[in-house]
Every structure is written in structure tokens, then in C-alpha cells.
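Here chain A shows up in two complexes: once beside chain B, once beside chain C.
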Partner chain A sequence: MLVANKISREDILTELFNIGVGQAASTLSDIIDKQIGLTIPEVKILDAAKAKVELNKYLLQVAEGAVMVSSISFDSQLEGKVSLLFPADKMHHFIDLCLHETHVETENTLEFNDIDFDTIKEIGNIVINSIIGELSNTVNIPVEYTLPEVDVLNNASADHFVDSEEYRLVLMMFLAFDIEETEIAGAIVINMTLKSLDDILNTIDRLYNGS
Partner chain B sequence: MTKVLIVDDSKFSQKITYSFLNQYLEDAEFEFASDGEEGLNKFTENRPDYMIVDLLMPKLRGQDLIEKAKQVDREANVIVLSADVQNRVREVVEKMGVLSFINKPLDDKKAKKICDIIGNGARGQ
Partner chain C sequence: MDSILPGVLNCINEGLVIISVDLEITYWNPFMEKLSGKKSEAVLGQNVDKVLPTLERPFFHNAVQRLINGGNPVFFSAAMHRNLVSQDHRVNLKINRVTVEDKVSLLLEFIDVTNQFQRISQLRDYVSQLSHLNSQLKQKEKVIEKLAYYDKLTGVANRALFDKFADKYLNIAKARGTMLGLMFVDVNEFKLINDTYGHNTGDKVMTRVASLLTESTRKNDIVCRYGGDEFLVLLPDIRTFRDYQAIADRIEANKKRHIVQDGYDIWLSLSMGISFFPDDGQTIDELIAKADEFMYVNKHEIRQKNL
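Take a look at the complex of A and B:
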């Protein structure tokens, strides 16, 4: 087979993540019992320095520095950490949708209670499991998760999410969920060891390009 | 009265699971635990008829809770409700003798499946 006929590994990886994100959107739609519009994200594989530049743009332009972040680390044969970032000021509306409740007075504040954190932690858990779990199934490489964490960060910078010491490569996706005419622009940041990404890409090559 | 123990570290998931199951189960009594260790203690003390178990939990993972519960009672009726979609995890857990492995989020169809399992078991008791 000519090299030119091979599908690029990044294209296949993008497709695999898109399937996971699509399933995550479907899962969220089930939880809130409403249709969710989703822009198909482009997956970027970047070194830490470039990833920080990209992420800082998002934080400044979309989230204005205040984000709610839900993250889970994973290890076993694949090692890394996934963080889901959402603009904090949109999250009350989203949490209300998840809980099927309405609290107009709390909209757009950055105050969150234990139920809010618990809800986002569990939603993050389900979404991250959709994305990483489907990838793990496709490449047949198992992962073990740590307990999910959730936090609200004011004036967040990319340094919070991109670990240039322990990890070398960062997979990033920017995506927008549209729920009841409210657009929630999120980011998914996956810090991964070089070895883990190599293992995934090599398996993809074997599965899809026959090499 | 069928006793159902829901073990999940998320109050959000506890609430959803309870709401769905309570719709379809007649004459059921619910109890809750927020981590695997508390789940094992409540299972050992109260011997529920069914235990709904999450996998990723603090103190004691769901897999370890199931193993220990089965040591207490080999016939323990366990239904797993987890966000983990990995095929390998499902295979390993299903070999532990659980009644069913269901992925979160719970919806009407999945809830009915759980209630059918519980309902059939309860009618056979």
C-alpha cells in the first residue's frame, strides 16, 4: 500500500475521539432529557508549550479566566490525565438542567455548593469514561481511573492543566454544546505520556493501516 | 418488602437511581451508602435483598466490595451501575457473579431492566 493512501494516524485518532465525544453528548442528553447540539471538535496533538498557548486563548476569550474543571487521571497500560473545562458562569444553568430544577437567582454567580460540585463530578466522570473508555476499547488497551476531582478556578491559566514536567504531549479538543439556545464552550485537555500516545498510534496503524 | 442498598459516592447518582427504581418497584425499601466501605458495612449488617454498586468509589472500589460481599454471602444479589464502558472491565466484573452490568446514565429502559430483575427475584422469594 502506498504511504499516500494511508489514513493519517491523527485523522483516525480525531475520529475515535469524535465518536467518544458524540457518545458523551448523547449521554448528557439522556441525563438532562433535552436535545444537545454539538460542534464536531478537531483534535490537536501538541507539545506542552503550544498547548498552553492554545488553552490560554480559550481561557481568555471564552471562559474569561473562570472555569469549572472536572478531571480524572488514568494509568495501567495508558497513563495520563483528562480535564474537562467549562466556563464557570454557564454551569448553574447546566447543573439545573441536570437536576431538573430551576434557580434563577443563582444564575451566573461563581458560588457553588456541595450538590453542584457532586453533580459536575459525576457528569465529568460519565463524559470522561465515554471518551477514554471508547478509545481504550478500540485500541484494546485497558485503563484504570483515579477518583474524579472537581474545582472552580478563577483567573485560571493553562499552567493549571498542562503538565510539562510529567507528560510530554497534550491532546486538546475545543467543543461547543448547544442546550436550549445556551452555548457552552468547553475544552478537553488530555495530558498523556509519549509512550501512551505511541502505543495508541501504533495500535491504530496496525488496526487501520495494516502495518 | 424488598430491601435495596444503593452504593454510590455521588449523591447525584444516588438520587437518580432511587427516583427511577422507586417509580417501578412496589414495596421496596431503599438504603444508601456513599463509598465501598460503608456499602460493605451496611450489606453485612442489614443483608439487603439487592445491592446496586458503582465501581469507581473511595475507600473500597466496587470490584472489591462485590468480592467481599460474596465472601459474606455467596448468593448476594449485585447489580453494577457504572460509567466505565471498557469491555474488559465488564468481562471481569461479570465473572464475579453479578446479576447485571449496566452503564450510566440510568434511563427508563435500564431502570425497567433492573426492576425486572428485582421484581422477578422478589416474586421468587
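Take a look at the complex of A and C:
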């Protein structure tokens, strides 16, 4: 059931999530009064092992092992955990752009203060809300969660974000965050229980393919 | 239990506001009065986005709508939203949906983080001051190094720097089996220049000789003022006598027999001697002695030629 129509399901999810992040971009543009672009080129449905390989590539090539991560766990009818990852070394510049500020002396450090964490917490809340909200609305399954936890991880590996024991299936997507011609390459990892993802995909099939 | 809840909310050191789904304020606690400077009696029954005008924006209205529909909490940071309640306080805002007997209300928590902003601003000032001090220290280190290792008059290496590089280059030559050249240069009749044109002009002539040697040698060669009118030039990685000859030819080409300094037409002449490791000595002192010896031979030849 999960393998059949896999491509079309991924395409549908890509379109759904792009609608969501489009709204997130519009909200963020309104808040910080700057033009913001947010796009998700492709959503992949992977088993835990493949997701770890994909994610490790990102961590090695883009984030060089240090990431700033906003994550929330959700339960109720859908169970899982979503993590939004950004390369930590780009975050001071990114935060400064969002806050209309310049701090040359801290630009290259991996030290973050409470203000930085709160800024990322808000951005994470908006982006994650948009993605999970769109998904929840489309399949008409309620999702409950709290505000994101924000953390900085040095030497992060995919094992931090993909729990093969509990979830087994992963929705993975890369996020291009564009602000004032600076592009930040983020990644979103959604761990879900098999049943949760099955529920979503079956509902999508019913809605879009009539099966 | 219900009867003590209003009392509890009044004690909490966090701005608490409860609004209806139509944004009408139904509760405004004392701490919120302190944060906003607005009394409860004055705001109850009014719309929150009219009382706090920074919330009269699409992002707030959309967030409230999503929260009413979906129930998941919303967070607005003090950094991204300045002057949320007043110009004097920086606050984070958390909004949660509260449902009691099918009636939906929204709880707004305004968390005062003004102290955090002040502390971080202080720390940034300290970092900036330290960074400024650090760059000043680095500049002073450069000046001290210049004073310790470079000749004050001509700007070329002094003997301390020469000794440092001489040992290094000699060890490299020994390890690699290459030659090390050491040139001894003396300004002929410098005492006469000083006596005739004055010490001030003499000093400038000495500086021009230093520039001439620096311009004629390679990037890694070390030009050193050895004494009053004497210079040493270390020539590492010399493979054949031709390598040396190319440098000597450049010095010869750059050396103007007559130079104009301070309006005087001055005759400039240099005597030069060169020694090589390993043929002429195994230590720097032996190489200097040998180059000095050859320099005197050259000086004698020049004198003979001019007689």
C-alpha cells in the first residue's frame, strides 16, 4: 500500500507543504517587513536507514555537523516528531537579517544567546505550524503539539533526528530559505509512526486518486 | 478551587490577558497593568489589537484564527516584535487556546525579558571593547616587533632578525643539501659622505642603499643592516653560482653611480663580497668572516681602479 503510487504521493505532499511554507513566508514577511522566499523542492518518503543516509549527506555538506534545530513532538491521532534544521554557522547572519541588526563580532561563532534562541523558536513555530497545519487540515486529522524546543548541536548526526526503533518511516524535505539574496539551506525531518503515515497517505489517496 | 484562581492569576509575575475569539479582553492581570501602563478597568471589553496596536497586523489575526481552529500554541519573540506592550519593556508573547464548557478563550502570556536584552547588550559592549583593545594590542605588538627586529633608520632587518633567519636558513641548507649565500656589502667612503653633506643626508643615503638591496634581492632573501655602513644579505636556496650572479647583477644594475639626495649629486659606490655554505664555511660566523674578506678584496680592486 505504501509503495504503490509512491511518486504521486510524494508530489502531492510536495505541493501541500509548499502551500504551507508559502503562507509561512507571507507571515514572516509581514513580521520582519522584508521579502522572504520559502520553498520545498521535493518531499521524500524514506525508511529510517535511507533517511539517515540522506540526512548525513546534508549534515556533512551543508551544515558541516553543527546545526540549530527546532523540534516538536506531536500526538493525539497522529504521532511523531518534526525537526527543522539550519546550518548553525549561518544563523547569526540569518538572525541579524531578521532583526535588521548587524553584529560583526559574533558573526562566526557558534555561541547563541536567549534572544537568538527565541527568534529561532518563533521562526520554527511559524514554519512547523505551516507544514503540520496544512497536512492536518488536508487529511482532516487533528494534531496537537507544544511550542518548539530549540537547541544547537555540534557534530550532529542523523541518529539525533531519525529514530529507527520507534518511527521507522520518515518524511524528509529540504527547505530553501531566501532573505535579502541570502539563501539558507534548511532541512525538515518528520518522524512518524507507521500507522500515522499510513493514515495520511490513505487519506491523500482517497482525496486525490479516489481510491 | 475556582474562587482562588483569580487571586492566583493576580499574583503571577507575568502579564496575563484572556481574550474571547472576537479579540475582546475579558481579563488583564496586575502585572500586565505594570508592563503596559494600562489599568484593567480601562481595557476590559475592548479589543486587544486596539489596546496594543502592534498586534493590529495580519500575522496576529492569522495566528489567532489558526489557534482557534487548530489549538496549537503560538509564540512571538521580543526580538522580532519590539514595543509589543510598551517602549520600556521587551516581552515574549505565548498564546494558548483554553476551552471551558465548549467556550473558547485565548490566554496571552507576556513574559518580561527586558533584563535579558540589557545583559546581552552589556555583554556585546564588553565584547566590542575587548575586540577594540585586542586590535590595539595587536598593533602595538607589531610596533614592538618592528622595534625589536628591524633597523630604525633603514627599515631592513637588524642583527637580531638576521641571527634568527641565519640559523633557520643554515639548518634548511644542511638538511636539503643546498647552498646558502651570504653577501657582505659596504658603502665606500661613507664617512666622506657624512663629512661633506652632513649626517642627515648621510642617513638618507644609507636608507637608499637599503632600498636598493631590498629591491634587487628575492622575496625570501634577508637584507640586514649589520653595522654603520655595512649590510649583510642572506641568500637561501642558492643552487648554482649563477643564481647568486643574477642577484649581484640586479644590484649592479640598480646601483646608480651618482645619486641625487637633498639637491646634492653624490657618488655612490658599494664593495661586495660573497661566501657560500658549504664551500666557504660551516657556521654563520665563518661565512660572515669569509664574505667580509672577499668584500675587502673587492674594495681594494675598486680603489685601485679609481687611482
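By our rule, the second predicted complex is superposed on the first by the 199 of 211 C-alpha atoms of A that agree within 3 Å, B and C clash if a C-alpha of one lies under 4 Å from a C-alpha of the other, contacts with A are read in each partner's own complex, and residues count from 1 in each chain.
Criterion: contacts are C-beta pairs under 8 Å (C-beta built on N, C-alpha and C of every residue); 3 or more make two chains touch, one makes a residue touch a chain.
A quick note: this is a predicted structure, and the numbers were derived from the prediction, not measured.
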**Request:** Put chain B and chain C onto chain A via the superposition and say whether they clash or fit.
**Result:** clash
**Item:** Which of chain B and chain C A:P142 touches, first, second, both or neither
**Value:** both
**Message:** Taking the superposition on A as described, I'd like to know which of chain B and chain C A:A25 touches: first, second, both or neither.
**Reply:** neither
**Request:** Classify the contacts of A:I115 with the two partner chains as first (chain B alone), second (chain C alone), both, or neither.
**Result:** both
**Request:** Classify the contacts of A:C98 with the two partner chains as first (chain B alone), second (chain C alone), both, or neither.
**Result:** both
**Request:** Identify the partner contact of A:E134: answer first if only chain B is touched, second if only chain C is, both if each is, neither if none is.
**Result:** first
**Message:** Is A:N125 touching anything from chain B or chain C once the two structures are fitted on A? First, second, both or neither.
**Reply:** both
**Prompt:** Intersection of chain A residues contacting chain B with those contacting chain C?
**Reply:** 27, 30-31, 98-99, 115, 118-119, 121-122, 125, 129, 133, 136, 142-143, 145, 147
**Fill in**
As the complex stands, chain B meets chain A at residues 9-13, 16, 56-58, 83-89, 104-105, 107
**Asked** How about chain A: which of its residues touch chain C in the complex?
**Response** 27, 30-32, 95, 98-99, 103, 105-106, 113-115, 118-119, 121-122, 125, 129, 132-133, 136, 142-147
**Request:** Using the touch definition up top, name the residues of chain C that touch chain A in the complex.
**Result:** 57-59, 62-63, 66, 70-81, 92, 94, 113, 116-117, 120, 123-124, 127-128, 131
**Request:** Write out the stretch or stretches of chain A touching chain B in their complex.
**Result:** 27, 30-31, 98-99, 115, 118-119, 121-123, 125-126, 129-130, 133-134, 136-137, 142-143, 145, 147-148
